[in-house]
Amino acid sequence: MSEDNQIDEIHPTKRAVAPGIEKILYKAIPVLDHGFVRVVDYMGDDSAIVQAARVSYGKGTKQTNQDRGLIQYLMRHRHTTPFEMCDIKFHIKLPIFIARQWIRHRTASVNEYSARYSIMANEFYIPRPEDMAMQSKSNKQGRDNILSAAESEKLLHLLTEDAGRCYNHYQEMINEDIHGNIVNDDNPSLARELARMNLTLNFYTEWYWKINLHNLFHFLALRADPHAQYEIRVYAEAMLNIVKEWVPFAYEAFMEYKVNAASFSGNGVKAIKAMLNGEKVTAETSGMSKREWLEFIATLEIDQS
Amino acid sequence: MSEDNQIDEIHPTKRAVAPGIEKILYKAIPVLDHGFVRVVDYMGDDSAIVQAARVSYGKGTKQTNQDRGLIQYLMRHRHTTPFEMCDIKFHIKLPIFIARQWIRHRTASVNEYSARYSIMANEFYIPRPEDMAMQSKSNKQGRDNILSAAESEKLLHLLTEDAGRCYNHYQEMINEDIHGNIVNDDNPSLARELARMNLTLNFYTEWYWKINLHNLFHFLALRADPHAQYEIRVYAEAMLNIVKEWVPFAYEAFMEYKVNAASFSGNGVKAIKAMLNGEKVTAETSGMSKREWLEFIATLEIDQS
Amino acid sequence: MSEDNQIDEIHPTKRAVAPGIEKILYKAIPVLDHGFVRVVDYMGDDSAIVQAARVSYGKGTKQTNQDRGLIQYLMRHRHTTPFEMCDIKFHIKLPIFIARQWIRHRTASVNEYSARYSIMANEFYIPRPEDMAMQSKSNKQGRDNILSAAESEKLLHLLTEDAGRCYNHYQEMINEDIHGNIVNDDNPSLARELARMNLTLNFYTEWYWKINLHNLFHFLALRADPHAQYEIRVYAEAMLNIVKEWVPFAYEAFMEYKVNAASFSGNGVKAIKAMLNGEKVTAETSGMSKREWLEFIATLEIDQS
Amino acid sequence: MSEDNQIDEIHPTKRAVAPGIEKILYKAIPVLDHGFVRVVDYMGDDSAIVQAARVSYGKGTKQTNQDRGLIQYLMRHRHTTPFEMCDIKFHIKLPIFIARQWIRHRTASVNEYSARYSIMANEFYIPRPEDMAMQSKSNKQGRDNILSAAESEKLLHLLTEDAGRCYNHYQEMINEDIHGNIVNDDNPSLARELARMNLTLNFYTEWYWKINLHNLFHFLALRADPHAQYEIRVYAEAMLNIVKEWVPFAYEAFMEYKVNAASFSGNGVKAIKAMLNGEKVTAETSGMSKREWLEFIATLEIDQS
């Protein structure tokens, strides 16, 4: 890609610069077997958050507030608009079935590689054996233990063969190679917008994805969560590391007040207060549903034996 | 689906009712080979648009304005907010590669069937022979003539076989039938969120899709356009017919001022004025690029010979 | 307003009907001295939330789930999209300085009375004496004790006089009465879009405001909060009562899992765990800032003496 | 403001830099009597638009496309997403009644000076005599001729006196000077969130306003239009000049295909075709409403005499 040329070009600017993210700008961070995340542009840094918050507080603000403390205060009290003042633009390569989950977040700007217009490359995601996990019985959208080596090998073989065959037929239908050269002059070229339907959902696509920091945190809170599907979580984790380099104070506040935080229902708060007063609370007396109670004691690591 | 039971239930309401759309409520309108569009709920009618416009104009409004004329005025002058006051909720079944185009419209609310959570049905889109068209040479994202019967049959066979085989392997991996019953007690069940990646992009998915009338018009202007891919255009056309029943005045204004309208650039307007004054305008003297000029004379059906 | 005529008109519909809200449809609920909230239209009910959630879970869902339990589960786990499937449209009359706070919520559709186009009425908000509170010293955006009767009377007199005089001059500038009749044939009529700038921020405006249930809950969580300004909180409380009639299960879940819930930071969760294990935690050992610690012990009603 | 210190600081960055806008970064461009617009940050340039468009077109794109031509093509065909890839952040000072119009654009991020939290300055907008125009009779939301010097002077005096008196009473209520010092120790300080309601709508507020280029163009198309109120149009014009420096190709395309363009209805296109064929078209035979016909002949400068 042409941007790679930019890696060593340095320009002068009057804008705020975030030194941490400059170091990784344009560099592709590998994710899964063929995917990546790379930062293509950004706007703002920790001080841009503080600056926006201070315009709200205006002349009434004591300038002695430390930036770090103010950012923590904003995060804790859900004053979200100052975090909208930072933007980041990623170039991402990811399997289509993950792109389908990802795009449900509607607050980003997206330009995706068009399989209507262009020819898809022969690249698809095949899990590692250690990621081939069984359907969870307790959690309908989760995974359980991994398959045995033999079982795994068998299914990985199916996945690989099917994707490969589907790509070959895709190419036969469009009758073009990846460079757009006609393969067989006697054959017709099926419209690309039709032929693409023969590809499986593990084929890779690419997009530019631009989002502000507030909305990115919302995305990361959901997708870096242990309940998120592994194949999207690895992207979220790569982006979390990028955020840490870009806006270290905001990252720290996000970890403390969102990722490592816990929310308790009205009954949950009542139960905590009672227990702190030395009272015994049980599933039955808590007012919670059985399911919520189990989540509650898991979060607080309460021994029920 | 349980909603089908509602078809004959009539409830009293004090809300505005749009008689045209009541007749088709809950009825699935077939699209493509296995898809459909059906209206599940709606809010507002033509008079809701007028009512919202009149709150803006307040006491200063002459009540003698006809509703139809006011709606045309709003559409012509891009006063879009009154059209946001109507909402419609669809239940739609569509191929995944079309769902991927569709979801790029970020202004709707969506609940999609989850292949992480549930088992996909063995239903995929296969074009009719008359829709198997060649890649356009002039328009990279368009179609040209259709394939010969023999060529078409060959490629349709590939599409059908690949989708069928991929589904069989999907089922083998999850080791469950469509009702969730284990097929083979000795085999493991691969997590559904993984197995789904073996399906091809022509498999059908379903969603609830709720949008306000302004944003729906924006969607329809792009997707009912002749340049839209046929497989999404047929959905847009089915929805256009629904809109006609629901809000006939707004539909009429949309057709006149958006669908059948044309926009001309600064140079285009100058050229029209000059020609109306009897002057000769050519590609060279128009100030337009060659491509824009060709679009210009095509729109106005100007003979260049 | 013409809609008032609709109060007693009953129409048949095949749509879902929410009986609780039908009873209050179109009725203006008074707020502050001249304001009101009234429901003008709605779409969906508790079962629409369940229906949208079930399309996601598809055929894999056991239909024995109770609706109430499912709605609580969705709320607890922040599965927000099903709540987007319900919409409500309000007609609201409110002071301009409150409208300015309100409009910061960008996820609604709005049609406001236009003071560019129409003539403003002579109606402005004057607080009751018991609402005339002093500036809080601890909370820069809060209130403290109320003023003495004498002080209050003095300031209320200023507010009333200034608003009244500004309106008289507004009317002198536009040279029209409220019905648009010229007052003095010898005088010019200043453009309404200019004259309006002479009104004070406590004048009332009106708008139609349409929002989906998920975004309404977000609004209510912030604006029905004790830290919200009293003059917007009373509107939020009126709307909370409406929501209770409309979608009783969703309302109940919202109260339990949002309004009455509490979120604790990573350090907060650690502190709770330690205290439940009988350990002593202090401001110093908690890892929290002083301010967060005070909020923490207040939430859990921990005695620090 | 502390940012002013940044004016002469130059930092190295690997990001794309737009030289034109660097020259005006942080500089306040005066608007109206006390307002301004200044750019505080930006992301992207013309090449960022091209880069995003090319990821969509992928390997199928001929790299020989000129950037300028591609940007014109994107604008002409309403391919709007690449324009979302550029962002700009403004610091703006503007009268409250203009802020109320402005904020109706919901696609920006905003942090406004808080009159709940801070003390308002004694600055309000007073039109120049040449801007004191009469209410238009033909256009309910427009202006007509300007007032005579004597009439203008009289009304400007009212505006100035009322704003001044309201501010004095505001200060008396809060009992604080602009620096937050108590004025009279014997008096109470009314809460700022209440006292602010005594200010008139021409007082100035300030905000940070961040928006992407696509949404900015939408804002400018409406607010730089001759039908927009003069007091917002001057802000839009200042921003148009900034855009011209920032992204010259996108600016040029916007002027040609949006600002100087014209849209014609279905009947309008038919009428143009007929006239180009030498046919006579009249209001009656055009199929247009009288109002649309007048707009039509005005746009094309057709003489009806």
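First chain written, first letter: the chains are A, B, C and D, and each begins at residue 1.
Rule of thumb we're sticking to: a residue touches a chain if its C-beta (ideal position, glycine included) is under 8 Å from a C-beta of that chain, and two chains touch if they have at least 3 such contacts.
These numbers were taken from a predicted model, which means no experiment stands behind them.
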| item | value |
| --- | --- |
| Where subunit B and subunit D overlap in contact partners, by chain label | A, C |
| Self-contact between copies subunit A and subunit B, residue sets same or different by half | same |
| Intercentroid distance (Cα basis), subunit B paired with subunit A, Å | 28 |
| Subunit B and subunit C, separation of their C-alpha mean positions in angstrom | 35 |
| Geometric centre distance via CA averages, subunit C-subunit A, whole Å | 33 |
| Touching two or more other chains - residue numbers and ranges from subunit B | 57, 60, 110, 112, 114, 117-118, 140 |
| Pairwise touch network: line, ring, star, complete, or other | complete |
| In the complex with subunit D, residue positions of subunit A that touch it | 2-3, 6-7, 9-17, 22, 25-26, 40-44, 48, 51-53, 55-61, 81-82, 84-85, 87, 89, 91, 109-114, 117-119, 178-180, 206-208, 210, 212 |
| Subunit D-touching residues of subunit B, taken from the complex the two chains share | 57, 60, 69, 72-73, 76, 78, 140, 222, 255-257, 259-269, 272-273, 275-276, 289, 291-292, 299-302 |
| Residues on subunit D engaged by subunit C in the complex (per definition of touch) | 95-97, 99-100, 103-104, 106-107, 110, 112, 114-118, 125, 127, 131-136, 140-144, 147-148, 151, 155, 158-159, 162-163, 165-166, 169, 172-174, 187-194, 196-202, 229 |
